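Just below sit the structures, each encoded as structure tokens.
In what comes next, subunit A is part of two complexes: it sits with subunit B in the first one and with subunit C in the second one.
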Partner chain A sequence: MSLEQIKLCSFILREHFGEVAEKIVNYLLRKGSTSLKPLTTECGFTLDKVKRCLAALIQHGIVTFSQHKAGFVEYFASVDNVLSYLFFPQYINCAKTLFGDESELIIEELLHQGQLTMSGTINRVTQRLAQAESSQDVYGVRDKFVDLIKTQFVKQCPLLTPDSKARSPAFAEDTENPEQAFTVPQVDLAGLVKRKRKISDDENEDHARKKRKLENSAAEKCGDEGIYWTINHARFQQYLRDQAIVTAVSRKVDVRAGEIIACFLRISEMKTASESISTNAITYNEIFQSLPKEMGITRQILDQYLRIIVEDASDFLQKTGDSGGGMFAINFQRAFKHLCQAHVQSVIGEKYGSKCLRVYRLLAMKGHLEQKQIEEMAMIPAKEAKEMLYSLFDEQLVTIKEVPKTPDHAPSRTFYLFGIQLNQVARMLLQKTTKAMLNVCLRRAHETQQHRRLLEKQQRMEAIIASMENLEEEQKTEIEEMVTPAEKAQLSKIKKMTHKLEQCESQLCDTMFVMEMYIKYAHMK
Partner chain B sequence: MAAQEIQIKREPMEEAELDNRIIELCSEIPKGITDAVIQNDMPQFSPQERVMAINRLLSTNKVCLLKSGSQLIYKLKDPDVGNKTKGGDTQEQIMYQIIEDAGNKGIWIRDIRTKSNLPMTAVNKLVKSLESKKVIKAVKSVSASKKKVYMLASLEPDRSVTGGAWYSDQDFESEFVEVLNQQCFNYLEQRVKLARESNSEPMTQRNASFASSSDVWKFITELGISKVSLAVEDIETILDTLIYDGKVEKSIVAGGGAADGESQVKLYRAITPVIINTGLMRSPCGVCPVFRECHEAGIVSPSTCLYMKDWLDA
Partner chain C sequence: MAGRGRGRGRGLSFNLENLGIGRGESIAGAKLLPPPTFPPLDFHPQPLIPGDEYVVQLKQDFRTAMQESAFFVRPSAKRRDIERYSDKYQIGQTEDLDWDPDWSRLPSELNPKRRRKVRAVVAPKIQMKPAKKIDVKEISAKIKVSSMEASRDAKEDEENEEEEEEKEEEAAPEEEVYEEEELEDDTDYNQTYFDNGENYGADEDDDLEEGPVY
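Coming up: the complex of A and B.
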């Protein structure tokens, strides 16, 4: 947990939950864990405020609690869960590409609310779809939800165990049956369907009334009360991990090779424990059989592709045996080492120039080298090489190891070997990226703050137009003219800026992800 | 009297035999021979006779005397040394010998001193005089600037001294290297492009994208960008830099060019990096000079940052 991470956490919390949450979580992070009392006294909020805030944070999985041996209830906060907010756009995008628009909305709702019952989610999503005049009905949405459960992108929250003696509610951790989290409950959607029909009956009813009505009917029983669902972060992370590899292979070899790897990962998913360094071995025949037919890849071509990917220096796929036409596995540790190197090298190449990159890569390939050897192999003049090595050293990208020839460590009789500690470099880069991310986020917040009034005005205008259906063209333009041309120009500029910043955030997110994955896998045995 | 005469007559013969044998031994062992070698070879002569023979040979410039470690060794002298260093004294000749022995790698003046066992001032003087007679020349070594090595004027300095094709006047021609680096890459990249366009099977495509080092060499030679003639090995060094750049990969295959008598062929291929550009470098903060100083509410802060502004306005 670095300082940058905590600062970024604070920012995210402030954006999503407000200042009370920011303070509370900060305090929790500093202390490790506390009971309720100090949160009110130390943070200076009323008990009521703290409680409400904690409830929201618990709902979103940021704060957890448990009963201390001494009897009181302790609260903990998790940095990782806060930072995962950065990935939400990616999650949503993932749901959309995999399962379509309805799933996108389902995931959005779950992310927004933290936890929801299945019927509750379906209800919300159908409402939104109805507004967007989509033809999807309740059952369609239900099917999508079931898909998400089956593919484990959504999981069930642990159920409450009725234990009247405990001071805090306890959850049933069903360790014996992990599948429990992914079983689809029986949901009676008849009530929801009825409601939907009612809505379409009275199309002309205004929004407010419609909403109220929906809220009322939400009280109708659907048979899944108390069973809450939430996002399965681990599954999404796994998807992003696979995606990173697929993209890399597509770039390195070609798109079809990427598709083969994607297919490979899909099969391996079911066979591999989620927390292992590498996938289980999969045979050539299995891969061939599960390739989508429309790709039109023959056995021979597949064989060639597999050989090419295995032989590639990027280390993404390994051949582990010969049975079944050849066994293959993906080693995530090695794959992410390679990707991490690629990111580090990109930084060095951009920041210090191609020659520095050459020196760095030389070291990465050969291990420890003396300055003299570096000059010769990289074909860089001595003076330049020296400068580069020292600036790389200054930025902690390379390390120096002293190997004295004599016991007195006299500099003239010592070899100075340059080398690379990828682990350290990755950590440092992760910190830098985190800070850059914070900076970009702060800037975006700043820009929005600066132009808040203008943005609000635009929102108001859009709301008016939206609320007044069957509007005449004239009237519409009239309303639109509330915003002056100068303001319009300004608005489009803001839009462009925000877009740029958001794009940058997503790219930073990718870098952070690769670094984190590398660090995670590097520690696994 | 008669007996005496005979003795006298035999002596010159034996002397001549001894002399000849020593010269023979010297030429058999060009590295030089020690006294012990002579003694083993001809035990019939007394040490005194051997000393006399050596002295004779030394004075007629047939052999020379060198010190190697704690031992004295005798070495055959070049027949034309006498001519080249004509007018020079024995010291000069010793100097010549030492320098000649160093071959085209040359010898450093301090090493001459230790080998000749003469004082530095004398060595300096002698070397100067040899240099002025154009018998030897001084060459600046690339391995250490300011370090001069001496060698015979007629020799072409070794690569290790001049640094090969990449040096002119002891200066590393880094621009030249970069140009070649770029050109080699262009060639390989073109190769990949052609292979891609062929739309053949993946393996064929991949194989077609490889080029051997001699292919690249041919291309570079025909391009005529190099004034000095480059060897295939020179191009391989350049190709290696491309590997370190991460732009090219190498694969070695056995056989192939059996005609050139080479058992392996080195193949090179341009590759695409796995990522386009890391996120950090696409944000202004990645290259920001005041990154460390930047804090919200600090003198440099994200909200007021001009780099951000320029980037956003761009």
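Coming up: the complex of A and C.
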């Protein structure tokens, strides 16, 4: 939990939950845990606001609570859950590519609401689909939801334990049976179907309130009240991890190699525990059998591809044995070490130039080297090599190890070996990426804030056009002329800029992901 | 320590070549200024990789959806000097949306609709005994008997009193326990319903908003 992370956290919260949430979580992070009262006094908002905000944050899994021994309820906040908001667009995109539009909407709704019952989710999704005039019915959406549960992208929130006396509800942590979180409940959707028909009958505004009432009663009938579902972050992260490896392989070798690796990961998913360094070994025959037939890969071609990937310096796939036509496994630790190394190298190449990069790669290749050796081996003039090395050392990308010949550590009798500690470099880069992310976000917020009046004007204009149907062309252009050409130019400039900044955010997000994964796997044994 | 004084004027006391600085190279002088805030870039960054437009779109959509949802809690607007007509049309003044979470999954203290548990007020049960008619003869007879017995039971009484005291002592701890429970209850009450008076002012503000009562 670094300062940059906390700052980024508060920005994300301000953008998604408002100022009150930002202050509350900031205070919680600073104090570790507190009860309700100091929160209200310290943050300077009314009690109602704080309560409401805490409830919202709890529903979204950002704040957790537990009962203190002394009887009051104490609240905690977690940085990681806030930072995962950066990945939400990717989660939604991932659900879309894997399972289609309905699943995208399901994941979107779950992310918007934090947690929802199955019937509630299906209800919302069918409503949105009806708005978009899609022909998917309640049962189709249910099937998609079940798919998501079975593939573990969605998990069940822990159930309440029947303990009515406590001030805070306690949740049953079922550690013995982790499969419990992925069991599909029996949901009776008859009420939802009926209600849907009713809504299509009356589209009147006055009935809106009635409808809501009906909604509530329908939700009660479905038989799954109290069973809430939420996003399984670990599973999405795992998918993103696999995707990172697949894209790396397809860039390094070719697209078909990437598909082979994707297929390999799909088989291994079921056989490997989610928190292990490497996949279980899979035989050549298994890979061949599970390859889609459309790819038209013969045994011979597969053999060649596997050999290429195994012999590649990037270490993505290892051959672990010869039985069954050859056993293969992917070591995530090594794969992410390589990916991380590649990221660091590209940063050095772009920031300090190719000569620096040469020195760095020399060190990465050889491990530890003395300054003289580097000057000789880098094939750069000695003076320049020295400058490069020192600038790298200055940025702490390279470290020095002292090896004294005598125990007195006299400089004249000591070897100074330069080397790279990738773990430290990765952490530093992660920090810098976090900071860059924060800067980009702040810049975007600043731009929109500065031109808020203009943006609001445009929104108003669009709203007028949208609200008035069957406008004549003349009237429409008249309304559009409310925004002057100069303002239009300004608007398009802002749009372009914010778009660029957002794109930058999503790419920084990718870098952060690789660094985090590397650090995570580097610590596993 | 003979060599101490002789080093003077010769520069540093150790060989510079050990540090990688050769003969004739000058050492950079001390930096007296902080580095510039925006140092000139040696290398210009590459353009962004043309990425997934859809993800960017999703990001924007998700943000706006969250800002329009019930979870986005706005701080109550700061009151400026006077109330203006245009205040109504200012953006950001909109009230928070309705939202009814499952309160059984949240700590009960967060529920704004929770009612205070009304403590049952039990009227003390006092049984009034009907007043007895006093018979003077009976009483005088009783006094006689008791004065006779009193002298005889004096010793026994003392013993009895002692026993009673002991019994009281035994009973005492129970009472204490009971008192403790009450105390706990009291502090409990304080913790839950302690009002620091913050809401007091806010309530008044609300009243003001609706205008004076005629």
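By our rule, the second predicted complex is superposed on the first by the 464 of 525 C-alpha atoms of A that agree within 3 Å, B and C clash if a C-alpha of one lies under 4 Å from a C-alpha of the other, contacts with A are read in each partner's own complex, and residues count from 1 in each chain.
In this section, contacts are C-beta pairs under 8 Å (C-beta built on N, C-alpha and C of every residue); 3 or more make two chains touch, one makes a residue touch a chain.
The model shown is predicted, which means the values in this text are computed figures rather than measured ones.
Once chain A of one complex is fitted onto chain A of the other, the partner contacts of A:234 are absent, as it touches neither subunit B nor subunit C.
When the two structures are aligned on the shared chain, A:482 is found in touch with neither subunit B nor subunit C.
When the two structures are aligned on the shared chain, A:56 is found in touch with subunit C, with no touch to subunit B. Contacts of A:411 after superposition: subunit C is touched, whereas subunit B is not reached. By the touch criterion defined above, A:41 reaches subunit C but does not reach subunit B. Once the two complexes are laid over each other on the shared chain, residue contacts for A:442 go to subunit B alone; subunit C is not touched. Once the two complexes are laid over each other on the shared chain, residue contacts for A:500 go to subunit B and to subunit C alike.
By the touch criterion stated above, A:132 is placed in contact with neither subunit B nor subunit C.
Of the two partner chains, subunit B is the only one touched by A:508; subunit C is not. Subunit A residues in contact with subunit B (one complex) as well as with subunit C (other complex) are 350-351, 500, 504, 506-507.
For subunit A in complex with subunit B, the residues that touch the partner chain are 248, 251-254, 256-257, 300-301, 304-305, 307-308, 313-314, 338-339, 342-343, 345-347, 350-351, 354, 357-359, 361-362, 365, 377-382, 384, 429, 432-433, 435-436, 438-440, 442-443, 446-447, 497, 500-501, 504, 506-512. Residues 15-21, 36-37, 40-41, 45-49, 51-56, 58-60, 65, 71-73, 88-90, 92-93, 108, 111-112, 114, 157, 160, 167-169, 226, 228, 350-353, 371, 386, 411-412, 456, 499-500, 502-507 of subunit A touch subunit C in their complex.
Residue ranges on subunit C touching subunit A, taken from their complex, read 14-15, 18-20, 42-43, 45-46, 48-49, 51-52, 54-56, 58-60, 62-63, 65-67, 69-76, 91, 96, 99, 101-102, 104-112, 188, 191, 194, 196, 198-199, 202.
Touching subunit A in their complex are the following residues of subunit B: 166, 172, 174, 177, 201-203, 206, 237-238, 240-241, 243-246, 249, 271-283, 285-287, 291, 294, 296, 301-303, 305, 308, 311-312.
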